[in-house]
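Labels run A, B, C and D following the written order; every chain starts at residue 1.
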């Protein structure tokens, strides 16, 4: 499969600016990728250390399956490229998005003892690919954070293997990962999971009244 | 009555983009409609599964009273078209809007045992058509969520018949419906009800701290 | 004193769109005015029932000291024009702004028994005209809401007379009024008071812990 | 070292508009500066009393090490220019940014007895220059607020000397200061610290409910 790099790069930059405006990619945090081709693997990837509110298509680089830059860019790819590559391989995903929102950071902390967040009974769940009813249990695993990217990529791989139905996962006190067949679906999944995490967080605060 | 489809479609797309920016239509959730003509009924309706932040007038389709697409679009209409049609028929509404906000989702859950949310004493209520004073009780019924659209449409019909004065209703853990004589009035009603639900939700949290 | 009506109208429309984006003028709520001339009094005033997110300079009307429209507009002025006129006369204000935010609505309810909100010790207070230090007590009176505009205008007049130093007041479960020598100063005062009310509201929730 | 004033001024104005949109510079609050040259010191500085949502590059003035305006502007520089100058000298910073957000104001109040906020264990910390892991303790000192700028500048100088590793500090019930080698890095630091303060504030509220 091959795709138009410049088209993917501009979609990716547009999503980055939209998510930065919502406060989900502040301080150059987070990263975004989309599959350009699979054999050999080429990913369009956001560069490291760039203000996502000003990301342009021209800044989007391409990397191979070992996270080496294959495009003509001097900058390095995101430190977390290995996680994107693992998700693409394990899930056959066409796009992977990673956000740092206040609510996903908070809930990855508050629910760390439970090992994840169970989300059920919300209509919004139907926006997750393959979910047909609000009577659905979505498990959002929480993985301990680490700076050892190869080790963390293996933990992510194990989590994906042990949870075949999940649409995303949290890294503790770090952020949210989700993915999709393409950038539009991955964006939809992030918006839905961010919405549900904020709803659960605010409900937690409101319910423990009286 | 007949109206300019392209004008309605562009108004509808503009409202969709505005509400998406506020986080009320994330992840392709929610839907919007406006009456094009009544005999036979034709509704301008947002397509299913589209990013409301990027909705264009050209994407807006038209449907008949059985929710069949009558315009030249390959996509299907929103699953909830039957609810829009029922509201249009029961209320003679010219436009129907449905939003998924964090606050309307939360309150439809927190107040489900009460069967609805009673809103009274707020000046903002005067923005609801026909309300002349803040000394008004607005009942916002909560309907159990369902994936059986014909059955849900009947429940909505009963709710409208049993509550002649209401300006909207909540679907439990799902979202808010409101309507108006035209798109501008329906937009006004959504903005007012969203405002009041956020105010009630935040006040609930603040009051139970003192 | 005379001013350029079209310039005032475009400033007024720009502020309306900015405040609507922040959620302070949802559902056609709130209103804005600026003095065009004083003898005889002419106010540039936002029309009633208009979406403030789409307000244009051409829609801004002018009224006299009895709130009669003097410009060539078919629409009626805001119901609350009498309050604007009273504030202009009592304070010699050049502009009056009225917002409906979630936080000002909440605090006008939560503090109604105290008769107002006392704001002290915040650097932000220095943005209020004439305040030189954060060691300042700003009293924000809360006036009971009413639909009798002449009576409410008199209560507002009494409140202004009895509180010579105030920069604004709240109407209970209704909203915030502030003013300034000109539109820029009135906008600054609204932004500051909205900021301080949100800060006090969130602090109230956080402090009542443990 | 010399830099392009107009380029710095337009970057500075762009950051001001972005932060105003987030509600971090409401009511003409806050100020921004960037080093134009060091020998003799020249700072590009936001003017006092200007709406940051409408700041233009042409309004940005330049000051010397005594906070005297050296550009052809009639307005005065920010009252807090002395703090910017001190930070530039103590840290060799290329840019200094000061924001007034609801969350930084709240936490500078709630944590004043502790003398600061300790931030640890968040991935977001890695966005602070020189931080390599989330297993990092960032101390954000809280300095008592004052209107005596020379005295406050000295306290700031002492705080910087006594806390060599800090990336910012809070002024009690006033706001946040951060800095960087250039405007992009300073903007990144502000976004990260604002994000972390909001996360800590919301977590504080949520945890004390369980």
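Going forward, a contact is a pair of C-beta atoms (placed from the backbone, for glycine too) under 8 Å apart; a residue touches a chain by one contact, two chains touch by 3 or more.
Just so it is clear, the model here is predicted, and its values are computed rather than measured.
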Superposing rotation of chain A relative to chain D, computed on C-alpha atoms, to nearest 5°: 90
Chain copies touching (chain A, chain B) - same or different residues, decided at half shared: different
Centroid spacing, where centroids are CA-atom means, of chain A and chain B in whole angstrom: 30
Averaged-CA centre spacing for the pair chain D and chain B, given as whole angstrom: 43
Per-residue overlap in chain C, given as positions that touch at least 2 other chains: 205, 209
Touching pairs - complete list by chain label: A-B, A-D, B-C, C-D
Chain D to chain C touching residues, read off their complex: 23, 26-29, 51, 53, 100, 102-103, 105-106, 109-110, 145, 147, 171, 173-175, 201, 204-205, 208
Contact footprint of chain D on chain C as seen in their complex: 18, 22, 121-124, 127, 132-135, 184, 187-189, 191-192, 194-195, 198-199, 202-203, 205-207, 209-210
